[in-house]
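Here the structure comes first, spelled out in structure tokens, and everything after it is commentary.
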Amino acid sequence: MSRDPETIMRSQMVRDLIGTGRRRDDRSLGQMRPLVVETDVIAQADGSARVRLGGTELVVGAKLMPSSPYPDHPDEGVMHTGIRLSPLASPSFDRDMDAEATEIARVVDRGIRHSGMIDMKHLCISPGERVWGLYLDIHVLDHDGNLFDASTLGIVLSLRGLAFPNSRFGMGEDRPVPLGEMPVTLTFAKVAGELILDPTAEEEGVSDGRITMTIDPRGWVRAVQLGGCGHFTLEEVKRAHQLARSSAEVVRGSLR
Amino acid sequence: MMMRAQDDDITHDRSSGGLVLPGDRVGCVGPLRTGNGVMADEGDLIATQMGILIRSDRSVHVIPMKGRYLPGKGDFLIGIVKDHTPSRWFFDISTPQGARLHTSDTPWTVDFGRTGEYMNVGDVAYLMVKEVDDIGRVDLTMKGPGLRKLSSGQVMAIMPSLVPRVIGRNGSLIAAVKRGTGCRIFMGKNGWIWVDGEAAGIETVRRVLDAVVERPHVGGVSERVLEILGEDGGA
Amino acid sequence: MATRGAEQGRTDGRSDDEIRPVRLHAGVLNNAHGSAYIEWGKNKIMVGVYGPRRPSRQEPLRSDRALVRCTYNMAPFSVSDRKRPGRDRRSLEISKVLSEALTNAVLVERFPRTVIDVNVEVLEADAGTRCAALTAASVALADAGLQMRGLVSACAVGVVDGRIVLDPSRDEDNFGDGDMPVGILPSSGEIVLLQMDGALGPDQFGEALDLGVEACRRIHVLQRDALFVRYGQERASRIEKPHFSGYGDMDTIIMDDEADPPVWGEEAIR
């Protein structure tokens, strides 16, 4: 383990570096950090995964519980996505993080929901009476930026092993939940006029805005969120879309 | 006598840089002076911090493996400007809350609203902690010998607990590094070190810090440092 | 040590004085100042420590010492039926007793007007989470470089069919007659955590307490090993790859219940 004296970069230096096309961790501007994943880590969950994206680490647990359908969608299951920004994950989480947590959970939820990875009709047990409630809970353990992309990855991986826990509820044998294609979420930070993929916490801290896109396997956009008190030009947004489409293929390929 | 002999055995074993954990017995209360990380507990000396036990003929202390910097009045440190108001600068000093410097605590006469002309975001300064108030707010001063704004250069960070190790006895080690590399160096108690000079010199300083950080407990830190200075100086 | 109750057996095949397998890592998180991850049976718990620091919220701070603020939280997916996120009465009580136990271990008077945050995240729960959490939390505090009187080690004792058993499993906890978590400062022998519910006979109480304290000393060996392994001075008896893997090149310590655990105070003097 190396314990080199660390160079303190001032925010201007981080920006200047990115302006010359380089990053502190020697990545190119459009490169993701190393990804380490592990599935079926929580025996109590019906599907689970642990994701480490660079210095960001989280655990996702998916649980299925019998529930009631919404009256307007009697034959569809219900899905809930939640995230805990545990104070152990960052010194900056020592305060009310509800707004941040809610935004991440909702953006990630939209991407999963609209990608059709889970057909809500498959979660129906008895139309109008009983359906499966799918609870996706994200637990952040270490925060070094880009929780959006890591969260979607964690959910997608936890869903891959998801099974209906029929036996637990006296409904016969467990069986796998049919899955559609997986979406990929990609977040770019705008720093010094450049779009950088998969920003670290330091890069997020100096950024002039953030754009998050969830892309399905056909290249369709399934969720978008602009954030981080910044603005983007029309060209920048279009470029982010192009970059997201090509990067999504890379990520999807690496997870196969 | 028997007890003493046994104690001396550990002394021998552990003064070569053994890891101790909080609660470990490291000797008996006696003639030894206790330093950082050691306390007396009913006749025994116990370690109170995880780190490397250092015993000499006269004293026993622990070099912590980890530790946080908590600002104390009179500490000299390196700060980086992160914001300014018409009459104050706010500094990052490696603590979560940061610290502030009022224009009246500088050697300059700064007109209201013109703080940014003297120091702006990203600028580095060598400062002293003037006061820490009840709720932990830190006030800095730049009035005092050696305190100043530092132009160019770069800031390196090491564990605050290792700063005395880099400075050496009576400043001998850091003086040798300055001589050997021709670099200007300011050491902050917060573990931040400002270095400026030729690129090769800065690289040597980095190697020196590396050597101290990597094996702070192994004896002969000065020898290793002098070796590095010798190698790089000759090149 | 005599193996008691082997003829009756326990649901998971352990002897009465056997602790479930324990794996413990120190220093596993980047951001936290100190951290530890423990797997104890099927319990999976992460602990991260921040501090001493000045809190960003307004807090009633003590002018003479640091405030040790433990927050015990269970992940929604940590138990069989999804747990509603957020605080409840059980987690508040556990947070309080853990904070108090750890306050005994930390030299709080060295850090006046500061807060030491101990965040406990239970990722999977399988009986005995508070003992596992306390054990991991004190390793995380040591890992943070805090000044302490010693580590805190903990283990529960249970009563099943009138027999005293160590470290009750979930079944034994649910259907047993009693549960008594015990936590000690092994360096001084002081008891800093003690709770009990159920029924313990007049003769059993002392016996259960003795067994619990002895178990804590076994746990203490694992805590030491975890820190020694992490900081490059390995003295673990047996090393194995973790199940919940991937903490860099870290290896995990497996509790070796067969081997006689060395008594640390004595070994240190030898």
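First chain written, first letter: the chains are A, B and C, and each begins at residue 1.
Basically, a contact is a pair of C-beta atoms (placed from the backbone, for glycine too) under 8 Å apart; a residue touches a chain by one contact, two chains touch by 3 or more.
Bear in mind that the values here come from a model prediction, so they are computed numbers and not experimental data.
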item: Neighbouring chains shared between chain A and chain C, ordered by label; value: B
item: By mean Cα position, the chain sitting nearest the middle; value: C
item: Longest centre-to-centre distance from chain A, chain (CA-based); value: B
item: Selected interface, B-C versus A-B, where C-beta contact pairs are more numerous; value: B-C
item: Inter-chain centre distance, chain B versus chain C - centres from mean C-alpha coordinates, in Å; value: 34
item: Computed distance of Cα centres, chain B from chain A, in Å; value: 40
item: Per-residue overlap in chain A, given as positions that touch at least 2 other chains; value: 91, 94
item: Multi-partner residues of chain C (each touching 2 or more other chains); value: 53, 56
item: Sites on chain B at which at least two other chains make contact; value: 96
item: Complex contacts: residues of chain B adjacent to chain C; value: 6, 10, 18-19, 21-25, 37, 39, 41, 46, 48-51, 64-68, 70, 95-97, 134-136, 161
item: Chain C residues touching chain A - in the complex, by the definition given at the top; value: 29-32, 35, 42, 44, 46-50, 53, 55-57, 71, 73, 75-82, 85, 117, 119, 121, 123-125, 244-246, 248
item: Chain A to chain C touching residues, read off their complex; value: 1, 36, 38, 41-45, 48, 50, 52, 55, 57, 59, 61-63, 65, 82, 84, 86-91, 94-95, 135, 137, 139, 141-144, 168
item: Chain A to chain B touching residues, read off their complex; value: 3-8, 10-13, 91, 94
item: Chain A contact footprint on chain B (complex, rising order); value: 80, 82, 96, 121-122, 124, 154-158, 192-193, 206, 209-210, 213-214
